[in-house]
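What follows is a structure written as structure tokens; I'll ask about it next.
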């Protein structure tokens, strides 16, 4: 007779809540009348995120080394996992607010029936007056639940399943833009094909690691690698293939190629969600694989990952210089930021982990605010994301241009913004961890990257508004809240980062 | 019986192989080369990938939809089958898990049904 | 007050926040709030200053909160008020208040006056943060803050393309310096695990010579960027595109001296390595000569003053580079310079105010009669900068020249002392040229000019600053030097006898000064030849002018302009060329690389597969190798 | 015949899939190549399961198959969407987003 493996329901409650809420969301979609759906779905998903957060916080108080691993060894709810889950929930909450915005455009940013052919009569009708899609909420919840599982996975199989659970809804979300649907569909196709390609590498890596270690949980992999019996080439090849899958998700060069296209084509709320949450989840998974499963191979992967980090910071920064579309510019900046985060990952140890955790939250909140602001600058065709269209925005709307300037300064790492503290902590940890050469790359890259940001600032403030300068729509309550939270967090984390850093410090420990 | 009787056959095989190799290897050097787009393309079967006129020919999405639904609901069997085989060993906990699993599948089913995914017309 | 140092920073910061966020409602009273904030900080600074005198140890340190803590590395948001900080706080808030007051009048007709005062207060807050911090990260915070404020203020008149370009140039060149400074901070964290001044300085001895050299060079790079020293000097003259009060406060009196502060503050690091000191001295000497020579050939009143600032800061770098007692000399010169240069910039602003924003000195002349107060105050500044006794420049520049001669190696004495001495003569020449062409000689105005004296709100600060220019040097020189040790090192007890005696140097420099000033007076008394004269009835005067012309051209202008042209060429092509070249390289690289993003999903897959193969290959190579 | 040959077969299949993605143009065929890679991984899992003498690998293959099926559905939906709009299943025609 097989027994039920021990389940610590208190530990996996956030996951259960989110998966349950996502399923219920599907039912709401099936039964609640169309007019009431949006508000129901929005409030329901926000409530689910808050409930999950409550359980994460409750759990944070009494997590120990003994009770961390649960669900038959499939899940580790250790402190690092809880910190990441909490951060993901906060970031997702803020992004969901932008998902729900309906005042900028009737029916929101999403198309009701994506299947309608672009350009047909029916499509024009739909663009003009349909109520928009509400499936996006359950999709986002599924994705979020997948991310929560991903950062807490204790074996590679759970990780693979979680990877797919959080990726598949994202592929669909990318295709749902109301405006510029050709771009949106193209982005979805590219993201999907490349994502599936990357996950195939990941799965083959899982198979090879399984072949070497006879199991796929991190503790066994660690032990098997320490013993070192058998054909170690199998293990290293497996690690390499796993790394491809993970580096694709974090958008490190040369696996970053999808990022600019997808960020540009996807509906902006989805881009915000991806930039903040996917990045956090992917880095959570990457660190866990590297430092819990494969820490014995550290001296082998460090130089290779170091080269990738150096390449990533340079590619992201250099390519950002000539971009003319704001979403694309931020996409390359996100690539460069993935590089800075990789530098923190390579720093290793308590310090490196702490700095990465801090960076993920700080960057996530700033980037959500930046994309929230991009949704506001619109003309008759929807968002006006071309850089030239932002010329003279400072004269049109000093408040929003000012906020965007502040956010860009945070990206550039100017002091008294969270961006500065984040870079300082990551680079400091890297120097401490003996990776000074990476820090030099990082500093050079951030100097180069300051240039495109400055270009946007100059564009906004130092040119006269032209005929084609779009107006800035007044945001509704939801977007204003998201924008406000992001901006204030950027400021507060820049002036007094101590609170979050302490939290990250306490959380910076994995349990194997 | 001596194996030496087979030597000519081996020689013949070798000759045949050499001829084949020579022909294939020599073709690019001797033969004329006239490429066109179709020749350069990878051979592919299935749907013609090149664009077709908009509105030229009907495109029945329904079949694809049905196929997709079939795949999703068919794959459940992969979990049901092992469970059914070892039902006795898994006991109540296995049963409860399967019920929950079926419920989640039914949620998806309900959604498809309510949104008209099962209507042919 | 010493326990509430944060108020010093908080007051202008809060005022800046109010001014920038209040909206048009505050247009009516905003500028007065803007003046009050630095004035309040000045009063508090005075109280703290007197409190400090009676404090044993003469340093108040306080930690407001822990900024950053990870592992055993802690960075506090801490403030330090010691004698060095005290003089800077008083200079920033004192001179700052006067310039704020002046700006009320100067910016009266500008629509963006409230925004201007907002940025201005932001600058004061950041500058105070810079000097009040007790560790390098705090210094860096203020450093970036003043850079930002200066960028905003340079491009304040953003509808002028030249202003926008100048702002960009300043931002970029400062970033180069900032990067050096940032890497220096990381180096400190890596080598010492701390950035706190006291802890860093107590451990400098434990570092290897190479580390100290690298650390010092990185800090020097930062200092050169902020202070407009060779090779990062090009942005400073362009920065004059901003409103004149900005030039006076930021690009003359305070921000550009932050580099001097940085080196003086880090004196234990710089004193620990003689090569490092030699480099600082060389930078200072080179820059001071360069500033003088280029200043002599410029015709834009603010640019002449800007190059003179570059040159005077060169003197300060010379001072801090010499080390020992010369640190204090540099700081004293910095204070005096703060007074007379602010005075002259505001004077220049007053002239521009009366001459409808004309900046070309060839278009001035004879203004002494029309702007009596401006003329008198400017004269005080002029006499102070050329170092005529008993004005302040004499008491502050002279000792630096003397110190440059008092070195152990004879060649150093001759090279650096000689440069400083020559600089004194050149300074006298170009400043006299500026003064004479502006206020004396024939009128060379464009039509429709009606010069008039500026309103009281503008001349009152001028008068106060002029008094400062006259007396500051004499009054401050010896008490401040005593006041500043520690934190700055004392002059060594044993006197170094240089190649020239002290008296000889004084006499020489005075002779050179008088010669330079006299030559300029003789050459430019009748105006300048580069300007077509108004067709007057007196032919003799015109002839005489022509005669001056020929003399001018043959004796001084030709060789001078060659040299100048060469320097300007190096400046534009060399330094700008490097900056622009790098930018072009990055831009071009970016333009090419982005073509790799073809938009074809299959080429993306190829990039991924190739990357994957490389990763696998590298992993296995590390394994085997 | 040692089970290791199955691993070699899996690796060959995986490589065919990986290269197939690069050389084919039809989105559906591209996608089939990805599926081939996933199935190669499944083969490897099952073989290792046999070599290791544990059943975990087979269970993992089950999970991988379900995930692959879900991926098929999503992928087909997206490809159909594009095909209906553009009347073309060639991935090279979806080329608006670049540089």
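In this document, chain identifiers A, B, C and D correspond to the written order of the chains, with residue numbering beginning at 1 in each.
As a convention for this text, a contact is a pair of C-beta atoms (placed from the backbone, for glycine too) under 8 Å apart; a residue touches a chain by one contact, two chains touch by 3 or more.
As the structure is a computational prediction, the values presented were derived from the model and not from experiment.
Novice: Count the touching C-beta pairs: is C-D or A-D ahead?
Specialist: Answer to which pair has more contacts is A-D.
Novice: Suppose every chain is reduced to the average of its Cα atoms; which one is closest to the average of all protein Cα atoms?
Specialist: A
Novice: Can you work out the whole-Å distance between the CA centroids of subunit C and subunit D?
Specialist: The answer is 64 Å.
Novice: Cα centroid separation between subunit A and subunit D, in whole Å?
Specialist: 25
Novice: From the mean C-alpha coordinate of subunit A to that of subunit B, what's the distance rounded to whole Å?
Specialist: Between these chains, centre-to-centre, one finds 33 Å.
Novice: Can you work out the whole-Å distance between the CA centroids of subunit B and subunit D?
Specialist: 9
Novice: Counting only residues that touch at least two other chains, what does the list for subunit D look like?
Specialist: Subunit D, residues with two or more chain partners: 18, 21, 23, 25, 27, 30, 70, 77, 80, 84, 91, 94-98.
Novice: Please output the residue numbers of subunit C that touch at least 2 other chains, ranges allowed.
Specialist: 594, 597, 599, 601, 605
Novice: What residues in subunit B touch two or more of the other chains?
Specialist: Within subunit B, residues 61 contact more than one other chain.
Novice: Just spell out which pairs of chains touch, all of them.
Specialist: Chain pairs that touch: A-B, A-C, A-D, B-D, C-D.
Novice: In their shared complex, at which residues does subunit C touch subunit A?
Specialist: 65-71, 73, 137, 140-141, 143-145, 148, 155, 158-159, 164, 167-168, 171-172, 175-176, 179, 182-183, 186-187, 189-190, 583, 586-587, 589-591, 593-594, 597, 599, 601, 604-605, 607-608, 610-612, 615-616, 618-620, 622-623
Novice: For subunit A, which residues are in contact with subunit C within the complex?
Specialist: Touch residues, subunit A against subunit C: 189-190, 193-194, 197-198, 201, 232-233, 236-237, 239-241, 243-244, 248, 253-255, 257-258, 260-261, 299-301, 303-304, 307-308, 315, 318-323, 350-351, 354-355, 409, 414-416, 420-421, 424-425, 427-429, 431-432, 436, 439-440, 443-444, 447-448, 450-451, 454, 458, 461-462, 464, 496-498, 501-502, 505.
Novice: Which residues of subunit D touch subunit B in their complex?
Specialist: Touch list, subunit D to subunit B: 23-29, 62, 65-66, 69-70, 72-73, 76-77, 80, 83-84, 86-90, 93.
Novice: Under the definition above, what is the set of subunit B residues touching subunit D in their complex?
Specialist: Subunit B reaches subunit D through residues 41-42, 44, 46-54, 56, 59, 61, 64, 67-68, 71-72, 74-75, 78-79, 82.
Novice: Which bits of subunit D are touching subunit C when the two form their complex?
Specialist: 18-19, 21-23, 25, 30, 91-92, 94-99
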